[in-house]
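See the structures that follow.
First subunit A sits with subunit B, and in the next complex the same chain sits with subunit C.
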Partner chain A sequence: MKKNYSGERLTVAIQLKRQPPKWIYNTLLTIVVFILVIYSFSGTVISADRLNNFWPSLRVMIKGFLNPNLKFLFGLDDASIPYLTLQTLAIAFAGTLIAAIFALPIGFLSARNVTGKASKIGEIILIAIRTFPEIILALILIRIFGIGALTGTLTIGIHSVGMLGKLFAESIENMDRGPIEALDAVGANIWQKIRYGIFPQVLPDFLSITLYRFDINVRSATILGVVSAGGLGTPLIFATREWDWPTLSSILIAIIIMVVSVDIISSKLREKLV
Partner chain B sequence: MARESFVLTNGKVVIKPRTKIWLYTAIVLVLFFACFLVIPIDFRTIRLAQVSVILEKLFTPAPGKTWGDYFAYMLKLDQPIMETIRMSFAGTTIGAALCLPFAFLCSRNIVKSKWIYQPTRVFMNFLRTLPTLVVVVVVAFFFGFNVFTAIIAISIFTWSIMTKMLYETIETVDMGPFEALEACGGNKTKAFSYAVFPQVMPIYLSYFIYTFEINVRSSVVLGYVGAGGIGVVINENIGIYYDRVGAIIIVLFVLVIAIQLFSSWVRSKLQ
Partner chain C sequence: MIKFTNVDKFYPNGFQALKNVNLEINDGEFVAIIGLSGAGKSTLLRAINRMHPISNGDVIVDGENMSKLEGKELRMMRSHIGMIFQSFNLVKRMSVFKNVLAGRVAFHSTFKTLFGLFPQEDKIIALEALDKMGILEKAFVRADQLSGGQQQRVALARALAQNPSIILADEPVASLDPVTTIQVMEDFKRINTEFKITIVANMHHVDLAMQYAHRIIGIKDGIIVFDGPVSKVTEQILEMIYGRKLTHEDILEKPLGEIING
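Coming up: the complex of A and B.
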């Protein structure tokens, strides 16, 4: 058995004892986090009335959810679920495409290996877009483009530029410089370099990033309807205000089917790309 | 259509590969225009001139008020901002704690049985499709619109999203230490906490901060339906006091930037 500098035998037990006592630190951290969480709940007032009604309310809710509003779920007019689901998907698709088109130049602008120091400008623009809350953007755009799906599309189109641009820039920064140097060596101009050196390398990445964002946007397109920017969100918020569980149930069914199928399709497409 | 070809010096012929990119572009464009069949555009209601008007209303003091009033209002927001941070912190912490056992159950490399990880995954996927808004409303039906409801809704969202991120990370860890511990007789939970958890701990913390940031931003939406925090204040003022909404936007912007700086600082410490 090995001996250490002070001459004693080094066993696992001794080595374990030598370790700094982590448990004190861990316990303290747990207690602090616990107190902070408890403190966060402070000031909440839950009326006894609601608590007493817990079981009856639960029964009403479950009964409502089990009896979805079928007329609304299978209606064919433009105020029924099939049309609104299609509209939600359209908002997400058109919005994502608009965002991807705008994110391309900004992505190139904020890639450090393309523009050098000037990339800071692009980065700041992207942070500003990313941090601007989507719902406030929608509330502002409604005053310009009116109530309806167009506002939702443009909100997604503007807001998604933030994340798409950032991920595009990262993917450009990670690419291989070899092909560009080769193109430099044969005397290609900047457009030829982008077309033959950069584009083929980053295109699969870009498409997969855009698809991923489409996934997210399908979800946010439903939320945007809350401020009457089109899609499934508008009937959703009306149903919630009236605690209309059957209608809410049918909307939820539509949302789940839509989100799950988009998830499956986009992950299949992404597998093909990579 | 004849394709371009070159004859090399050694006599071989190189044919330019056929590209389908134009076909795909055409499909995407057709789909894009088809979208506008269900997105009505009414040019009479578009008022582009409003852009500058609204921006001016948002980011300058209202008529009859000074810049002093504008900034003084920001200072009055400490209460709702703190509420937003508290809500997001508690919700993220509870969700992050809940996600640990579930991420464990979802990982294919730890729980080998298909009968355990598949149902857990389906359940978590279902949870992830629920819009946070619906969760808020369902919880509010029992507990009313208050901070408690918001915390529960944020916890559920955090739980669902962090479980997915975490199990995908767990599936990529080095399984050597885990197998070693199992070989010397440790059970799965022990092996997980001593061999896998230390490996994913830094990533887990960075997911925590990332989700915290998302939650701070989404609390604007939660407040919009009345569940507390800064969103309530926005909802009260939107359409009436634009200057106040502008001030709130600036405060939120600073808050999110601060969280991002903090998170990149923590992440650099962790590596």
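Coming up: the complex of A and C.
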């Protein structure tokens, strides 16, 4: 029987009492959180003036949302929703495609079972890309390429390499070595081993990963429009500034329909790929 | 013909896996290599097509010194040696047909194979190989849709499509159930007798080795401790190779007495 230092038998009851005291920690934490909450609200104190305006403004907003700007929603010129939606999708698509093309070699470079120790180089490149915030990248690229869809496309194209490259590398690392050994035994050279041993194993994964990223990038492309990088985001930011609820409403309708249908289509396609 | 003279193999960590191996395997033979796990069976087999390079001595295959070959010459040499693995080593997501065609990549330029441009005659060779293995109807099915035995037949078809003089097999039936095991061993026997292809197979089960091979090579701690026809194998010899009495693990189905007496 186990005895503790004082000689009595160790029981659950004794251990329960010996729990390290948590109350100091908990109280301190509560106080800190409380101060933070108060502090952060102090900047946004709701003035009496605003409070009086609250109900009327809300009524205007709801009324606006219920009456979307139909001319904008169904217009056929290049300043209307159908065109801008297509532009957003095109930015996401082209950006994802560019990213996938660059992620391919970097993914192979970062796969430990392909390049051994040199894989660290690829991993570092990918981490650097991934941790660089997308919005900041867009703001920098706007200085170089100006306002518009090109900037949005390049932002997505560069930023997505980080995630795609990492997931590609993981897929390569998880593949079965057997077929490559067999190709070695058959006399295949390095390119033939990649083409017949590696590609058929990882290609379905790569496509599925890329589709998933496209899904994310459709959302990104919308957000990037807010900093003037093209697509639906640009009129969105103008409409909010001008309190133009009907226009905002029609943009939101378009975004919801677009995001939901891309999501559904991409997950259906990905199911087929496994 | 395969000829080993004074072959040693050291792994990079200094471990000696083959010790002064001398042997000669003639065309058309069916040889089984037996021995405990870790004895050096896979190392010996892979020294033949230089999947594992040797450290000392010579391995001569069909007149070519394997250690002297480099790059394209080595690949051309390998393209005439088929290899079968315990886990089939097929690309599971690829069709059976493409898996078999992959056996022919070394005969064509990188450019053509990268675009999957195989000549008509290669496609015929691949389909004929599948026909010889009795699985022609599975040609356009994904490899992972097949049973283990069928997958090993696809691997055999891939080897046959190479039009090889030798087929090396590393524990080809170790992951199959007893019934399929017998079927696949019958396939090996047929390939050996019908197409006059030399077979060198590492075998886990002594009874199978004795039943299908003409000749047994026993290896223990990297040393060839027995090399002779099946008829010369006795219980004492088996116990010498294994360094212990045989257990039911070493046998697929036959009682020990039956193995020795044929």
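Convention: the second predicted complex is superposed on the first by the 226 of 274 C-alpha atoms of A that agree within 3 Å, B and C clash if a C-alpha of one lies under 4 Å from a C-alpha of the other, contacts with A are read in each partner's own complex, and residues count from 1 in each chain.
The rule we apply is simple: a contact is a pair of C-beta atoms (placed from the backbone, for glycine too) under 8 Å apart; a residue touches a chain by one contact, two chains touch by 3 or more.
Bear in mind that the values here come from a model prediction, so they are computed numbers and not experimental data.
Trainee: Record, for the superposition on subunit A, whether partners subunit B and subunit C clash or fit.
Mentor: After superposition on subunit A, subunit B vs subunit C: clash.
Trainee: Quick one: name whichever of subunit B and subunit C touches more residues of subunit A.
Mentor: Touching more residues of subunit A than the other partner does is B.
Trainee: Between subunit B and subunit C, whom does A:185 touch in the aligned arrangement: first, second, both, or neither?
Mentor: Touch status of A:185: second partner only.
Trainee: Applying the document's definition of touch, where does A:172 land relative to subunit B and subunit C: first, second, both, or neither?
Mentor: Touch status of A:172: no partner.
Trainee: Regarding the shared-chain residue A:132, is it in contact with subunit B (first), subunit C (second), both, or neither?
Mentor: In the superposition, A:132 contacts subunit B only.
Trainee: Once the shared chain is lined up, is A:200 touching subunit B (first), subunit C (second), both, or neither of them?
Mentor: second
Trainee: Between subunit B and subunit C, whom does A:218 touch in the aligned arrangement: first, second, both, or neither?
Mentor: Touch status of A:218: no partner.
Trainee: What is the contact status of A:57 with respect to subunit B (first) and subunit C (second): first, second, both, or neither?
Mentor: In the superposed model, A:57 contacts subunit B only, not subunit C.
Trainee: With both complexes superposed on chain A, which partner does A:240 reach: first (subunit B), second (subunit C), both or neither?
Mentor: A:240 sits against subunit B, while subunit C stays out of touch.
Trainee: Go through the superposed model and pick first if A:111 touches only subunit B, second if only subunit C, both, or neither.
Mentor: neither
Trainee: Provide the residue numbers of subunit B that touch subunit A in the complex, in ascending order.
Mentor: Subunit B residues touching subunit A: 28, 31-32, 34-42, 45-48, 50-51, 54, 58, 86-87, 89-90, 93-94, 125-126, 129-134, 137-138, 141-144, 146-148, 151, 217, 220-221, 224-225, 234, 238-239, 245, 249, 252-253, 256-257, 260.
Trainee: So in the complex, which bits of subunit A are touching subunit C?
Mentor: Those in contact with subunit C are residues 176, 178-179, 181-189, 191-192, 195-197, 200-201, 204.
Trainee: Per the contact definition, I'd like the list of subunit C residues that touch subunit A in the complex.
Mentor: Listed in rising order, the residues of subunit C that touch subunit A are 49, 51, 72, 74-79, 81-83, 85, 87-94, 98, 102-103, 105-106, 110, 113-114, 155, 158, 162, 168.
Trainee: Contact residues on subunit A for subunit B in the complex?
Mentor: Residues in contact with subunit B: 33, 36-37, 39-41, 43-47, 50-51, 54, 57-58, 61, 83, 86-87, 90-91, 93-94, 97, 127-128, 131-133, 135-136, 139-140, 143-146, 148-150, 153, 219, 222-223, 226-227, 230, 233, 236-237, 240, 243, 248, 252, 255-256, 259-260, 263.
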